[in-house]
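Taking it in order: structure first as structure tokens, then the write-up.
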Amino acid sequence: MLSKVLIANRGEIAVRVIRACREMGIQSVAVFSEVDRAALHVSKADEAYPIGPAAARESYLNIARILEVARRAGADAIHPGYGFLSENAKFARACAEAGIKFIGPPASAMELMGSKTRARTAMQAAGVPMVPGSARGLTRAEAEIMAPKIGFPVMIKAAAGGGGKGMRMVRTAGELGPAFDTAQSEAMRSFNDGEIYLEKLIENPRHVEIQVLGDEHGNVVYLGERECSVQRRHQKVIEEAPSAIVDEDMRRRMGAVAVQAAKSAGYTNAGTVEFLVDAARNFYFLEMNTRLQVEHPVTELVTGLDLVHLQMRIASGEKLPFKQEDVRLRGHAIECRIYAEDPENNFFPSPGKITRLMQPSGPGVREDSGVYEGWTVPLDYDPMLSKLIVHAADRPAAIARMQRALGEYFVGGIKSNLPLFRRILEDPDFAAARIDTGFLDRLLSAKAPAVDANNGLAEIAAISAALFTATATTKNGQSTASARPSPDAAVSAWKNAGRSEGTGNQ
Amino acid sequence: MLSKVLIANRGEIAVRVIRACREMGIQSVAVFSEVDRAALHVSKADEAYPIGPAAARESYLNIARILEVARRAGADAIHPGYGFLSENAKFARACAEAGIKFIGPPASAMELMGSKTRARTAMQAAGVPMVPGSARGLTRAEAEIMAPKIGFPVMIKAAAGGGGKGMRMVRTAGELGPAFDTAQSEAMRSFNDGEIYLEKLIENPRHVEIQVLGDEHGNVVYLGERECSVQRRHQKVIEEAPSAIVDEDMRRRMGAVAVQAAKSAGYTNAGTVEFLVDAARNFYFLEMNTRLQVEHPVTELVTGLDLVHLQMRIASGEKLPFKQEDVRLRGHAIECRIYAEDPENNFFPSPGKITRLMQPSGPGVREDSGVYEGWTVPLDYDPMLSKLIVHAADRPAAIARMQRALGEYFVGGIKSNLPLFRRILEDPDFAAARIDTGFLDRLLSAKAPAVDANNGLAEIAAISAALFTATATTKNGQSTASARPSPDAAVSAWKNAGRSEGTGNQ
Amino acid sequence: MTYEVTVGEKVYRVELQRSDAGWKCRLDGREMPLDAVSGQDGVLSLLLGGKSYEIKLENAGAESSVVVGNQRFNASVRDPRSFRSRSRTGAAEQGIKKIKAPMPGKVVRLLAAIGSAVEEGQSVIVIEAMKMQNELKSPKSGVIRKISVQEGAAVDAGQTLAEVE
Amino acid sequence: MTYEVTVGEKVYRVELQRSDAGWKCRLDGREMPLDAVSGQDGVLSLLLGGKSYEIKLENAGAESSVVVGNQRFNASVRDPRSFRSRSRTGAAEQGIKKIKAPMPGKVVRLLAAIGSAVEEGQSVIVIEAMKMQNELKSPKSGVIRKISVQEGAAVDAGQTLAEVE
């Protein structure tokens, strides 16, 4: 078994991996940039070392620096988490050369799947169903010839792409040229790789992905699917397992394809094969993510497995401790990604100090958080604060449970997207699982349901605002709750307020 | 389905039931004593009403007052939680007379099981294996005659007893008389019922209990067992499911007996049949608890069921939504009862204000808490703050996970028994599941393992104490961390300290 | 003490008087039997006619929102003692409207020059924060009178970046 | 600034000096490369030679404990600026020992009278709190000089109930 693991990441995923290390008796080593010294993952780890300035390129993406820390700390393995270096084959090779185990697939598999065009070719060869399109990178001229053949609308995609970057939808021949250029420059900026390819657009597809797990002895299993159709700007917002449209037979067929894809790529450790599913429930290979997914917890809750524990065991050379037929799904799980952004104001990000944090708990509630009350969320990284995940007997119960948990959740001092989830979970289409990748945009373009003025809550809010002001210590003209710590919290803050007010009136 | 439920309880169990109500679309009504106005269950409920002074007898045990509130609020059912009125048959009857559904078994079953002697007789008739003893209440004289026949050591027990009250162990004839008297007076004080009976003492037994669930249509199922042998003063401290000594066959036999016991008592809703298990794995009926148990979450985690949801559905007349053969156990669950008491000082209770609360979360961790940071724990009720429950693939993984979670848990301002759990979980006998009801007393009588002075932690503690003092605002001579809120929490508290110190030196 | 509280479009008149029994409260003249306690700063437990409300003060940046149960209300309190809030309310009425940074970040692009005409809702400035580019739009149709930042500049939340008249 | 910190039996001499680079710290004369930040009051993140420690200040009632990771240490700091703590340390040496209430509660029974002789560890007073009866024992063998409470009385944490000489 591994003895010391460096986590080349930050935020909730770093904390999640550190927790797994602690549970397995593995020493954990955190790394942090200048703005992350007080971050949660630093205080939770057994060891922690600075790796440079805030800019990710100089810290969390700094391969040399991270490997130097790993050597100095004597780590025998590195867990990359997701994002940052997690899908960087060069990093995986550099680890190998440094004699440090990279907890993930072989670099060769990462390279194959990292290039969408090479992946397409390989997957086609492996008999994986594909969306019609160009198997390789195209010039703008080639694209303009091919697009009409495939038939509009088409998608323009960066071969090295991910997270929606370098991706454009084109409905008419006229739009193609400009879209191609912007996508290409965006791809250059984001991935330093301008290769662009074409794909037919599947209208209103669902995004359904299969979790696979392979050991280093040739065994690969699938752990069921995740429904990730609720997206904004091609970013997943809510994920669930299982998918409402996937039945036993479809699950078996998708699983078989995913395992086939992984095996043909010589894949090991945890990975995800993403599919588009059309209205007729045909599924097409989209891409393979060669890392742990943000949304892995929903799979853990329905399978009862711990994917990070299994990643460590696989990386230390163990065989998979179970067979495909042992994998059983129980109940339904839903995950909400809690971001520091304001859904009521163009989803503007909202970095800053978390002055109050009230977190849900109780039956069926799991939270994987990367923050704490008092932490100042830096503006240098993505705005994810935490993941809230629930598990219940079936989908309606899971939705109700998530609504209950969201009701208990409060983030003060910065804006969060909590109100967005409340709106989604109340939506009748979501409740009926009538969701596709266009669902959220449609919901957001519709006017928000006006708060019922007659439910009296506005009056309660007015009274409360006055109470907060009456008991506030006025800071630059804006009322905040009293900072005075009160001996008996339950009442005296109010007594005090009463007195000071009395004098005010004399 | 029920539309509005009053919860006749406080603390974590009230919150837990309120959460279930919210998830099921049922209105929840909290009741609170004068010292509980700011309690968590009050702010989490949809409605809340005062029911009198701190003394439980005048509030949480005040049947008339509670029913009056239920009527006024228009509640159609009452959930009693555990403790307080939960096993009070008079209360159950009073609810029925008031036309309010009591969420629990029929009063008749509560009365039968409430009297240990009547229960013994009934269970014996039902063919349930019993510990040798007196089937009915005895006078002191009768006891002195019977004890030698059964054979010492014997247990003296209050017929109305529970939680160890009115219970004494007697090893010799000489001790019998005095023990009988104290037990009887204790029983009078605690239960206003002095009936006492005798039982043979099973040496070093395990305490294993079976969860049963019955609907109002004659269906009763068992949901596996709970191992509750880790006890102090006959109070459970740690519970787990499944039990390490119970295999499939033994589970089936114990389950069948428990279901038989429940059916013979005309039992409905959730209940628990407690057994003593001797070294040879023979099991003997101990008692039946006619309510939801504190430790019900470990059963929920391994079965994937929500017992409180099921209680509500049963109470509203639904049939059990599953059959015995559908009940499957997955993984292992452990619960720690977090109390406001100081294990390093005779377990003295420690009421007071919780100045800092850091709660664990992440994979496989569930917390059912009744408190929050800033809440002043009153001295009028039992010291339970919260229940920490973990779920993992097997017992060793669950122990490791609980240790991880305990490491993240911190309660400031009052003492808690968190250090006790760390000690238990590190104990080799516990790790090997060599536990019985005497385990914890033996562990506590042994000297606590001295902290390794060479691990350097004491030095870290010394430096930290100095740092806290250096940055403290001195309150009545004792150092506390700075109450000054700092714009950038990460550093400036320290800068400030530095400055003020500088001036101090001039 | 009397407060003028604006929630959404509606303005409420809240009178608060501390009595030994607790708070005396009148909402738009109506007597409200108020029972309020606070276990934590910025968190209120309110009992009103038996109904229980957990209320949190959000206070993100310049805005003050009050969260009742799980509904968020933007509330501005006009407090006789606080002049700022009054003047702030005033500002909104004037002919010149400011474009302020809603969050700290970096100016990556200016999409309009001083003197140029802009439509309401037209993007004027692009700010990058948390790896996302965010377009700041003109609050009204008019002419850009002032731009107080350059591309590449770091800005704070609430900082005025431009003015439209 | 120099502090004398007693942890368990051991006494440490901790010198703290604030520099621009952070804290300069010497433990019993040894230079310690200290990196300390505090995200929350009463919570410290300490980095020392790469090792990371999360430290919490417990401060329950009169006692101050410091929790390092998951180990609790009772620590008393003798701070030149704080006289109380010094005098507190002094008190422990005297011939008269006090029996104090470790928690708030109600005196339910007195098991010894003024003037009576008691053994060390003998129960003297029974206090009830949180539905549990707790026996307070004599800290030394001697004679009860004083009992300052009666049965039925409510007591606070830290209140002196009796004295043994």
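Note that the chains take the letters A, B, C and D in the order they are written out, and that residue 1 is the start of every chain.
To be clear about the criterion, a residue touches a chain if its C-beta (ideal position, glycine included) is under 8 Å from a C-beta of that chain, and two chains touch if they have at least 3 such contacts.
Owing to the predicted nature of the structure, the values given are computational and were not obtained by experimental measurement.
Enquirer: From chain C, how many touching-chain steps at minimum until you land on chain D?
Expert: The fewest touching-chain steps linking chain C to chain D number 2.
Enquirer: Determine which of the two chain pairs, A-D or B-D, is joined by the larger number of C-beta pairs in contact.
Expert: Top pair by contacting C-beta pairs is B-D.
Enquirer: Using the average of all C-alpha atoms in each chain as its centre, how far is it in Å between chain B and chain C?
Expert: One centre to the other, that is 46 Å.
Enquirer: So how far apart, in whole Å, are chain A and chain B when each is placed at the average of its C-alpha atoms?
Expert: 37
Enquirer: If you average the CA atoms of chain B and of chain D, how far apart do the two points sit, in angstrom?
Expert: Using C-alpha averages as centres, the distance is 30 Å.
Enquirer: Which residue numbers or ranges of chain B touch two or more of the other chains?
Expert: Answer for chain B, listing residues that touch two or more other chains: 37-38, 44, 358, 372, 374-375, 407, 483, 489-491.
Enquirer: Of all the residues in chain D, which ones touch at least 2 other chains?
Expert: 37-41, 53 - these are the residues of chain D that touch more than one other chain.
Enquirer: Spell out the residues on chain C that touch chain A in their complex, using ranges where they run on.
Expert: For chain C paired with chain A, touching residues are 1, 3, 5, 7-8, 10, 12, 14, 16, 18, 22-23, 25, 27, 32, 34, 36-44, 46, 48, 53, 55-62, 64, 66-73, 75-77, 79, 81-85, 88, 102-105, 129-132, 134-135, 157.
Enquirer: Show which residues of chain A lie in contact with chain B when the two form their complex.
Expert: 15-16, 19-20, 22-25, 37-38, 44, 297, 300, 304-306, 308-309, 330-331, 353, 358-359, 361-369, 372, 374-376, 392-393, 397, 400-401, 403-404, 407-408, 483, 485, 487-491
Enquirer: Write out the stretch or stretches of chain B touching chain D in their complex.
Expert: Spelled out, the residues of chain B in touch with chain D are 340-342, 344-346, 348-352, 355-356, 358, 379-383, 406-407, 410-415, 418-419, 422, 451, 453, 457-471, 474, 476-483, 489-491, 493-495, 497-499, 501-502, 504-505.
Enquirer: Tell me, which parts of chain B touch chain C in their complex?
Expert: 30, 37-38, 42-49, 72-73, 372-375
Enquirer: Please output the residues of chain C touching chain B within their complex, sorted ascending.
Expert: Counting only chain C, the residues touching chain B are 35, 37-40, 45, 47, 50-54.
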